[in-house]
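One chain, chain A, links the two complexes that follow: it is found with chain B in the first and with chain C in the second.
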Partner chain A sequence: MTFDVLVEVSLRPGIADPQGATVERSLPRLGFDEVHGVRMGKAVRFTIDAADEEAALRRVDELCRRFLTNPVLEDSTVTLEPSAQGARR
Partner chain B sequence: MTFDVLVEVSLRPGIADPQGATVERSLPRLGFDEVHGVRMGKAVRFTIDAADEEAALRRVDELCRRFLTNPVLEDSTVTLEPSAQGARR
Partner chain C sequence: MTARIGVVVFPGSNCEHDAVEALCALGGSAELLWHDEASLRGVDGVVLPGGFAHGDYLRTGAIARFSPVMEAVAELARAGGPVLGICNGFQILTEAGLLPGALQKNRGLKFLCATVELRVETTASALTSLTAAGDSLRVPINHFEGAYTCDPATLEELRAGDRVVLRYVDNPNGSLDDIAGICSPAGNVVGLMPHPERAWDRLLGSGDGAVLVRSFIAACAGERWPAPHPAAPAYPSLPASSGARPGP
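Presenting the complex of A and B:
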């Protein structure tokens, strides 16, 4: 089976986010003073082949831990669903 | 009302994604040859104050169009829900 995966990589609470802070500081001047708490993260999308959803999740978790995130600074949130397009390459 | 917002900014289909391609090329050597179609995007989280959900969505769409994305190269996907923590600053 093929699964579509979205991994959201975000800075952990309390870790400074200069990029988000810069965006937030600029917004009032641009007319958006109702926006607060801007945090910039990464969104990684890919497909993975696995026997079932549980096996896919296990591999994605390992991928996150080993390569996609720095666990000291970053959290990851995984969303996974069967691919609508079947096995894509 | 305060809403929690997630904006996923992704490269449009067909736009080259060198960062994603580099990750994908490396994965087989690292033992993940079942992963394909890697695309790197941004995940922007923030809170917005608005009268209701419709007004919040309208402002977030404007923010995406004007500042968070380059509409020639990028798509944005907005997820919005009432903030659990009320008005955060």
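Presenting the complex of A and C:
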């Protein structure tokens, strides 16, 4: 099976996020006074071939741990669903 | 014996020639090593120079740590050989798990290019054996991601193990505990953000980096090897062969 994967990499709680802080500071000037807690991150999209969803998740978790995130600084959230393209094949 | 030192070139490295120049001018013998080679060609020590290895894509150092040469570098480090990471090289050492912690974007989000004052905190490292604790050195920095960070337990370990090698006198980038450079438990692996290889002669604006470069050459020659710290555990097992990363 083929799965579409979205990995969102975000800074861990407590890790300073100067980009997020700078964006947040600029928001009131645009009238967005009600926006708080801005945190910047990265999104990585790809497809993965695996026997089933559980196997795919296991591989993606390993990929996140070993490469896509630096565990000193970052966490990741994985969203995974059967690929529409894969189903057509 | 003249120390033979390998300076690793990654795609995107840009300080390798400065490093070779400084090492050779101060009594060492230096050669370039390509990152895609698995062998260190029998050198006594290794420098990972500054630059933007693999374009800093994903994260600084994240891709460089998978280069074939890094397994050999980790092996040398485990065997007690001197390994020095300067700037981007320091970032690569943390990504490879050869030094703890990580380098984040500077506080203030500015690329910093300036000569700063450093204080030597320990002489028990491959970079500082010829200095005296408390020495003040003027050395340039040149980085965007140079703010050292680690968890509180790691910071405690670094302090207790006398592993903070250099501190900024006037913290320019938001580094935790003013840290400019750290070392492994045995002192043979050292990483720092400032560039001693660009400050080895007064003609370059400062000659204060020379003592650091000389210390590293001496360590590679086996002349002034720092005694392991009494509290230093055996070098922790490293991820090079498995590719796994130790926890934060």
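The criterion applied here is as follows: the second predicted complex is superposed on the first by the 86 of 89 C-alpha atoms of A that agree within 3 Å, B and C clash if a C-alpha of one lies under 4 Å from a C-alpha of the other, contacts with A are read in each partner's own complex, and residues count from 1 in each chain.
One rule holds in what follows: a contact is a pair of C-beta atoms (placed from the backbone, for glycine too) under 8 Å apart; a residue touches a chain by one contact, two chains touch by 3 or more.
Remember, it's a predicted structure, so these values are computed and weren't measured experimentally.
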In the superposition, chain B vs chain C on chain A residues touched: B
Partner chain in contact with A:A50 - chain B first, chain C second, else both or neither: first
Touched partner set for A:A16, first chain B, second chain C, both or neither: second
First, second, both or neither for A:R65, with chain B first and chain C second: second
Contacts of A:G37 with chain B and chain C, given as first, second, both or neither: first
Partner chain in contact with A:L73 - chain B first, chain C second, else both or neither: second
First (chain B), second (chain C), both or neither touched by A:R29: neither
Shared contact residues on chain A - chain B and chain C: 66-67
Complex contacts: residues of chain B adjacent to chain A: 6, 8-10, 20, 23-24, 27, 30, 32, 34-50, 59, 63, 66-67, 88-89
In the complex, chain A residues that touch chain C: 15-16, 18-19, 22, 65-68, 70-73
Chain A partner contacts - residues on chain C that touch it in the complex: 58-59, 62, 94-95, 100-102, 104-109, 147, 149-151, 174, 243-245, 247-248
